[in-house]
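Have a look at this one.
Order of writing sets the chain letters: A, B, C, D and E. Residues in each chain are counted from 1.
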Amino acid sequence: MNLLEVQNLNTYYGESHILRGVDLTVNSGEMVCLIGRNGVGKTTLLKSIIGLLTPRDGEIIFDGRSIQRISPHERARSGIAYVPQGREIIPYLTVEENLLLGMEALPGGLNKNKKIGSFIYDLFPILKQFLARKGGDLSGGQQQQLAIARALLGKPKLLLLDEPTEGIQPNIVQDIESAVRQIIVQTGIGVLLVEQHLHFVRKSDRYYAMQRGGIVSSGQTNQLSKAVVEKFLSV
Amino acid sequence: MSLSLLELNNISVSFEGFLALNKLNLTLQQGELRAVIGPNGAGKTTFLDVITGKVIPNSGEVIFKGNSILGIREHRIARLGIGRKFQSPRVFEKLTVYENLALSVSKPKRPWSTLFGKLNKIQRDQINHLMNIVNLQSRSNISAGLLSHGQKQWLEIAMLVGQDPDLLLVDEPVAGLTDEESDLTADLLKSLSGNHTILVIDHDMEFIRRLESPVTVLHQGHVLCEGSMSDIQIDPQVIEVYLGQQEEGSK
Amino acid sequence: MQLILESLFNGLAIGSVLLIAALGLAIVFGLMGVINLAHGELMMLGAYSTYVTQLIFKLTPLKQFYNSYVIVSLVVAFVVTAVVGIVLERSIIKRLYGRPLETLLATWGVSLILQQFVRSVPLAYASGLICTILIGLIFHIILPKNSLTYSQARIAKVSSWVFSILLGLLSANWLSSSISKLGRASARNVDVTAPSWMRGGFDLWNITFPVTRIVIIVITIIAVFSVTWFLKQSVWGMRIRAVTQNRSMSECLGISTETVDVLTFGIGSGLAGIAGVAVSLLGSVGPNVGGNYIVGCFMVVVLGGVGNLLGTIIASFSIGIMTDLIGAGRLLTIWPDMPAPLATTVDFFATTSMARVLIFALIVAFLQFRPSGLFPQKGRMVEG
Amino acid sequence: MSITKRLFVGLSTIALGASITACGGSDQSTSCVDCDDQVTVGILHSLSGTMAISESTLVDTEKMAIEEINAAGGVEVGGKKYEIKYIVEDGASDWPTFAEKSKKLIDQDKVPVVFGGWTSASRKAMLPVYESKDAFLYYPIQYEAQECSNNIFYTGATPNQQSEPATEFMFKRSPAAGKPFFLVGSDYVFPRTSNTITIEQVKSLGGEVVGEDYLPLGNTEVAPIIAKIKKALPNGGVIINTLNGDQNVAFFKQIQDVGITPDNGYYVMSYSIAEEEISTIGPEFLAGHYGAWNYMMSINTPASKKFARNFKKRWGSDRVVADPQESAYNMVYLWKAAVEKAGTFDDNEVRKALIGVKFDAPQGPVEVMPNHHLSQTVRIGQITSGGQFKILESTNGPVLPQAWNQFEPSSKGYACDWTDSKKGERYPL
Amino acid sequence: MKNSFTNKRLFSFLVWAAIIAAIIAAPSILPVFRLNLLGRYLSLAIVALGVDLIWGYTGLLSLGQGIFFALGGYCAAMFLQLNSATNFPNQIPEFFGLYGVQQLPFFWEPFRSSLFTLLAIWIVPASVAAILGFLVFRNRIKGVYFSILTQAALLVFFNFFNGQQKLINGTNGLKTDVTLLFGQMVGSDSMQRYFFWITAVLVILAWFFARWIVRDRFGNILIAIRDDEARVRFTGYNPTLFKTIVFAIAGGLAGISGALYTIQSGIVSPQFMTVPFSIEMVIWVAVGGRGTLLGAILGAVIINYAKSLVSEALPASWMFIQGGLFILVVTALPEGVLGWMQSDGPRNLLSRLGVRRPLSTYPGLEERGKDEVKL
């Protein structure tokens, strides 16, 4: 059984048809990458999966049940974590509080889970020294690490990552990449990644290429041809 | 050698410590069509905000037709001849297509003249002309809110042209458009250039290519490089910005 | 020196009433962008709760605890107004998020209805109604959700409401029979009498400090501190702040934004109830008691800067001190030989009613220079 | 959210509101058994809004008086017995509404008389209506006078029937005799005018008024006023209080806290605190202070006792009667007497007949004077801890009303007499 | 599309025909009292038109229209007072005697002239509105802040007028009924009948005026400001000026309305500047349909008429009904009754009730209602 199955999804922004009949699957323990240039609907797809946007038709099946009728926070509690583009750190909350909020998705929520798992500091050691800082004061890269850490604290079954390396220094990109890989290996969760950096794309198992709101190509990443890259990623 | 219409010198803008624009320099010549691309967060929208007076830069200079326009209020900058099309189409949805255009065409823009004055023949002709250009003449009495997404984009471009600005700033005109619509938009912009100076921001490469114009690449708040589309495509810096580290890709 | 001290105390006393009244409003406005014109009527409900509590404590079995009824009434008023607020949020406000002007009009309608409600419905029955809602909601929460199958759940729900209606009727009946004053619909204002220990004042440095005022200042301080603590330290406070700062991301993290809305509005309303207790100690309790405060409260919130607790505090105390300085004619006492034209002007405004005119005019003038108040809100604006 | 559901929510709100009020609006009334015909009069007081609190007691009293008259055989005019019916209109505490409803009662319902009003502002708003339509209003509240309309009949006290004797008492015979005065009132016409008179009177008595202040209606923050009083009267004195309704509660509660009490030499004389208000404010805050009225519930005469007893019987044992109610009660009876004297319901005839009509009121005998006011007995009382007035002084028989005050410079030397066409509204004495 | 367009015209033509027929028939059908009521409510329609201009079209929710309404009323009443004062020395109105004022305050003097009064009735409120508006709009204060500020301004004016007995007779206000004008008492039936006609004519004129304001580009700019002020600025217009002008116009209309209302109700008092009254003005427009001028007129007249009928029958229930109306309109009919009817509301309701709705001609129509105007 697939962890996530998206069938014939159509999403509109007002009147503009953004997603046009998207089909996609993600399995546990698998990293799936969504490629395509800016503005082709990758973010819209992730938002439709987490529930921030309501598709006009189509179906989203997660962990065996249809979820398109339930609200985002229930989707989060059922095991989908979302790291949006631009990180969306809660700016005036401290790093620690931001991390704590990640555990809201666990059973019992924040009331029962008050201790931040130390595995997070193993993955992102830098967070430990900034616990008392305001989330909004961190640099972009730190915020990105915080956002991923926050998502992981909810022990999700599926992680949605939207351009985690965008606008981030190369050395941190390395850290993030290895952290994500490590998590998949250790916990066996599924990851759906939106990425433009080929380097990161190559680390994933499968890819879907999007253009103008639809999936135009898909397959194993190791079979990702230069032609496809030229067509969908380069300038 | 024509006079440069717009010059941005060393513009820097920071928002609460985050540097949105970093010593940006850019010059536009009269009648030029210029495309600006760049990854998300490169500062494209902020750069338009600076030109139109919405954001006042921390340092640097904006010279339009030889005069500095820093600190002038938005509606005055608009009257000086800079028009802007927003990212998502912002037309006045409760007004009809004709009324939308009438607002942009009418001059002067003081309250009394809009209350007492009437549009003259030239202006009415111009509105019809504009509706012809963007193919909306059959919809002239329909509320703009009822138009399709693409039609709204065109209406907004038409409104922009109707303002008769010397400089048109066009932000993401083809977001959410079909292939056919975006091709039409490119043709429209091309046909407008020459009479107008146009700056287009978009990240649809198909569309930018079709514009056949010089391209400026923004990255992290400054200009990474400028050149024709074919030059840009092989520029290693640009490829890095767009594709990540090169060595992986070339393997 | 004594003059300044007295003025300061007076300003503090006036300001603390304003602050406690504006606190709930500031929270609801600042965190949720809702203009709650029914805030004054929620205060009124708080004041009436105090009155009912007081009457219950006058009954024989409770008479020995009479002196502590004010403390009990704080709890009662908070719970009652919070419940009414929650009902309001669920039924009307939730449809209007993001449209502050609409919330303004709708809550005005609510305030009219609440005002006329207390005029036309005997207090005993109003209390019974509130009992019903309260008990019904408690059942709703404590009934185990998953242990029942769907059809049984429905039966349980219905029967719990029936049961709570019965309890509500019983309590209404009991109230109207044992306290005859509550059994009749009356628009007449009623009075809350402070227990003896809260009456009078004590003298220090030739100034009399009324105990009631000091109690109100203490209530205000406790309320401000608890709100601050709740928002900054508690788990729910963290959720509330997260939702305020980034609603959609909070939702994606698993926070039920609906619950947060209910809670925030409930707390804001509950604070109105506490303000109602404070106000009832100073004056009479009547259908209009809250309406008298509402515009002043909005001025506090706007002057302080929306969404800024510190601004609200400073704004209310500055308005308090100004009221005392101008209204009590103290400016002339402090500076007896000011130039004649100025003195005439000061004298002109040195009546309570003209002081109000001047203070509001000054606030409007101040907002010319600082349109967003003393402490402009950063980040997500509550834009109209 | 579907539109139908929204509609449902809104409509049910309205329906709920309507049903609540519909239930509350029932009324019983005693009918006249052997009456031949009916006559309908108008009652116009605030049933909603801020003034509803006070004015609804007048409606109760007027209804009671009408029922009493009906039970006793109605009004007898030209050999026919008429049962009195009434239409109650709501002035909604809004002065222009009083004018509107007056027009309605006069033009639409064609009532021969309207009993109504409480605040001076409402009377001032109604006055032009009655004058322009030459209709007749009976107004029951003690007021500032300086008015003498041919179309209004005033059964409340004028200042010389309430505040003047009170001021004199405070200055000459109270424990604070000779001490300075401070005047506190709500910010509207009665307190302002009444205080103007008091200032002149205190001056002529040789005393001193050291300050006055007015609280905006609806504002209950009395701290600045209290500060002023403490400053102006450091060693005790007389406070003349003309605050309105609920502002009194705030005032008395808070002056007691800062030690402005009879024990410390501060005595408050109030002109708008009657038994109803005492029970609302709480006698513990008022004991030892003073009030001046024509009627006090503690008057120990059969007429007074019967009035109080009947009222309690009709409206509930916890109810009290007070001066404004007595006034309202009197005016219904006076109208009846005048109609019977005139032998017709015609306004103009009744108006003429009215002057000189005597009535044995709960307060004692009263008589209608040519200036459309009543001669009344004045009583000064001290508030007891039991919530009643202990009557300290009462005038020797009724005091004649002065429509134009004789202390106020602009009206000094004028009087009003509607029996003499040469004199009229305002003539020099 | 065209079809529904003509339907709309037909609809408003029918409504207008009905209104004019009603106005013409009213004096002969209605008793004097009801006619007078109708006249007053018609005069309220003028202030409602102003509210519609600033709120319905421009998106400025003013809770302080009572200021301008009362100012107009005071101007009219001062004129009438000065012309009625015969029984006092110095020719000053009698109420001054109550407070011992001997000298007419200076600002009363010009009101001896009827021409000045006719101008002042609308110029004074309009100027006050212009000043107030300019100060507020210049700082780009909008939305709820604007509403709260106008409410505060209302209280300032209320307290001032209420407290100034010696200048303007405080709480009591100024009465107008017993003044002689053209040899007749203002409050008399025949005069009131004239005032009814004057009001009816002025309502129609005001409608034409408002119509003229909104029908062309000026009105379009107002709508544009309401929906997207920043975009207007980038199009080259200065929204501050437009807002100030329309606020002043609404103030002037309120002044005229207040003057007409005052002479027909016989009194002007600070009561006109209480908070509830100004909010009520908004609800007339909201119920009638904001952004539809006809809706504002109908809303004002019908709600007020309903109010007096209901309060005669069930005195205490009007507050419930009014409160319910507020909630109902805001949550269920944000476009008001007229707006709802014009935007195919009845048909939508029918379709919800199971009656099938004909397909719209243009696919874009499906999307309507999703992007309602948010204020």
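FYI, contacts are C-beta pairs under 8 Å (C-beta built on N, C-alpha and C of every residue); 3 or more make two chains touch, one makes a residue touch a chain.
From a predicted model like this one, the values you see are computed outputs, not experimental measurements.
Taking the mean Cα position of each chain as its centre, D sits at the greatest distance from chain A. In terms of the distance between Cα centroids, chain C is separated most widely from B.
The highest number of C-beta contact pairs joins the chains D-E. Separating the centre of chain A from that of chain E, both taken as means of CA atoms, is a distance of 55 Å. Work out the mean CA point of chain C and of chain D, and you get 34 Å between them. Chain centres here are Cα means. That of chain B falls 50 Å from that of chain C.
We define each chain's centre as the mean of its Cα atoms; on that basis chain C and chain E are separated by 33 Å. In chain C, 92, 95, 113, 116-117, 119-120, 351, 353, 356 are the positions where the chain touches two or more neighbouring chains simultaneously. Across the assembly, chain A contributes residues 14-15 that each touch 2 or more other chains. For chain D, the set of residues that touch two or more other chains comprises 6, 9, 13, 17, 20-21, 24, 48, 187, 214, 216. Interface of chain C with chain A (complex): residues 235, 238-239, 241-242, 245-246, 248-258, 379.
Contact residues on chain A toward chain C in their complex (touch as defined above): 50-52, 71-73, 76-77, 82, 84, 88, 90-93, 97, 100-102, 104-105, 109-111, 150, 154. Here chain D touches chain C in the complex through residues 1, 6, 9, 13, 17, 20-21, 24, 48, 50, 52-53, 56, 187, 213-216, 218-221, 223-225, 227-228, 230-231, 245-250, 253-254, 256-259, 276, 280-282, 284, 316, 318, going by the rule given at the top. By the touch rule above, chain A contacts chain B in their complex via residues 13-18, 37-39, 85-86, 136-137, 163, 165-167, 170, 173, 196-200, 202, 212, 229, 233-235. Against chain E, in their complex, chain B makes its touches with residues 52, 54, 73-75, 78-79, 83-84, 86, 90, 92-95, 99, 102-104, 106, 109-111, 114-115, 118-119, 141-142, 145-148, 159, 163.
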